[in-house]
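Input: one structure, supplied below.
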Amino acid sequence: MSTSEPSTILVVFDLVGIFVFAISGALVAVRKGLDVFGVLVLAGATGLGGGFIRDVLIGATPPAALADWRYLLVPVAAGLLAFWYHPVLGRMERSVTILDAFGLGLFCVTGALKALDYDLGVAPAALMGMLTGIGGGVLRDVLASRVPAVFRGELYATPALAGAALVVAGAQTDLPTYVIAFAGGGLCVAWRLVAIWRHWQAPVPTGPASV
Amino acid sequence: MSTSEPSTILVVFDLVGIFVFAISGALVAVRKGLDVFGVLVLAGATGLGGGFIRDVLIGATPPAALADWRYLLVPVAAGLLAFWYHPVLGRMERSVTILDAFGLGLFCVTGALKALDYDLGVAPAALMGMLTGIGGGVLRDVLASRVPAVFRGELYATPALAGAALVVAGAQTDLPTYVIAFAGGGLCVAWRLVAIWRHWQAPVPTGPASV
Amino acid sequence: MSTSEPSTILVVFDLVGIFVFAISGALVAVRKGLDVFGVLVLAGATGLGGGFIRDVLIGATPPAALADWRYLLVPVAAGLLAFWYHPVLGRMERSVTILDAFGLGLFCVTGALKALDYDLGVAPAALMGMLTGIGGGVLRDVLASRVPAVFRGELYATPALAGAALVVAGAQTDLPTYVIAFAGGGLCVAWRLVAIWRHWQAPVPTGPASV
């Protein structure tokens, strides 16, 4: 379970998750009319931001993404791809959303596991898992000067928190890590996909907003 | 004065301050029409953000709030309360503002003391005290995509800086910590309450803004 | 090349860079109609933000600016100057832009050198150099609730990345540090000045933005 020598398959999963998130960040930049540099930065911030925020908060600096050039190359590739082929990618929005659910599931698992590695308690570790999943999207929206999408109706954070919580709970048992990881990631992905499919929304406050 | 084993009374004060700040964050989220998750995140960011920013800057990671589940429970409780009862809370705005002044006074003191514990000099420690007090509100407004309220006219940061500076100055003497803390916190709270009462504003630039 | 005992000339350069950046931040605050505190905070965030972000990411906490009161005094002085004399400074915009290019050149060099000191690889160190140069401006714009200017057309980040990359490449040779620093900083400044003079823009995506 050590994150210092992650297995090849975990690195591949991680890079795929970063790639998908980076595409979503780059598409937001294109729609905002930003230049090529803005596209690359939003791609990088979305793909790597969640891990950066987690690593800075738990004291795991420098973040892993700064110690491995592949983690920097992937968002650059995603950003350039979106810069040139955004009309095509924009039409594949639904596919991007579905891949994004897998990225979310992956990040909530790796985030929770890393927080446990750094001796955080169960509630903070679950929170860090969720934050790893949603942090990139929040940073993307802050840099694009808009209220983070994850705060506005879409059921996105709850699946990430549920998946991370299941990982943290499983880590208290004797189950092997890969079982825990698949259970937690599977729960997050399944919940998120059903939410997309059925247009589930998070509840909003009722009654008149006080001014 | 060690922050590793804070006294019960200090923890209670801290949790009250977090609660009040979290309520103010949750009310902003309700007014922005965010969903329940956005309300909880803005509650947490406002209640804990100042301490997080301070701890990340002085290298005290993971932040204390991630090592103690009570610090996570309080903003969740405040967020849910605001989610359900925001019409009532909105009418109690003045009470919230007054309680907020006490939260500010508390945070500027604990922030300055913790920075001194981490061997910062007098000017940076006073700055960290102020940042602990105002950081949560700034993070709340950045996440809500609006210019931080603390930059626009209300006399809010100056009392926090004054209180923190008094604490830092007092720490150079032989006075016991609780005396310093009460003096600094009291100065901040009194100044802030008078500012609310007399509608004191921070000065704005005069003359035409160059374009 | 140790950053723990920087030479006097380097400190002077650094303070000049912080001053120029702080002026630009303060002018944005004045135009937004913020109060004196908002002006000071935007001055500080712009002048010191790039270094703060770099130091937090590479784990060099507390940031150098919190260990040396001169680093705090300079943005305060710049902020007060802009608060009182903004009509004059606004008319000197072109001079400020040119000085800003020198600040950028300086920060990309010191940022890359510090990242190398902290054992980052070549690609991350070049990225940290660029981030040190542009981070303050990005933080300024996030706090002022607008899309960062560096993402919108102006050729600003590329010179910083090029300068930082040259520094990182030079550090692999036996050349003395001051030669590397002047080469990298000179490349960044020259490129940026030509970009200002010839109105070079970064490319923007072509074709209809998908919605």
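General observations
The first chain written gets the first letter, and so on, giving A, B and C; residue counts start at 1 in each chain.
Assume a contact is a pair of C-beta atoms (placed from the backbone, for glycine too) under 8 Å apart; a residue touches a chain by one contact, two chains touch by 3 or more.
Keep in mind that what you see is a predicted model, and the values were worked out from it rather than measured.
Remark: rotation between chain A and chain C after Cα superposition is 120° (nearest 5). Homomeric contact chain A/chain B: same residue numbering on both sides for under half of the interface positions. Taking each chain's centre as the mean of its C-alpha atoms, chain A lies 29 Å from chain B. Annotation for chain C: residues 56, 59, 142, 145 touch two or more other chains.
Across the interface of their complex, chain B is touched by residues 27, 29-39, 41-42, 52, 56, 59, 61-63, 66-67, 69, 72, 83, 86-87, 89-91, 93, 142-145 of chain C.
Chain C makes touch with chain A in their complex at residues 56-59, 118, 120-121, 123-124, 127-128, 138, 141-142, 145-148, 150-153, 156-158, 201-205, 207-211.
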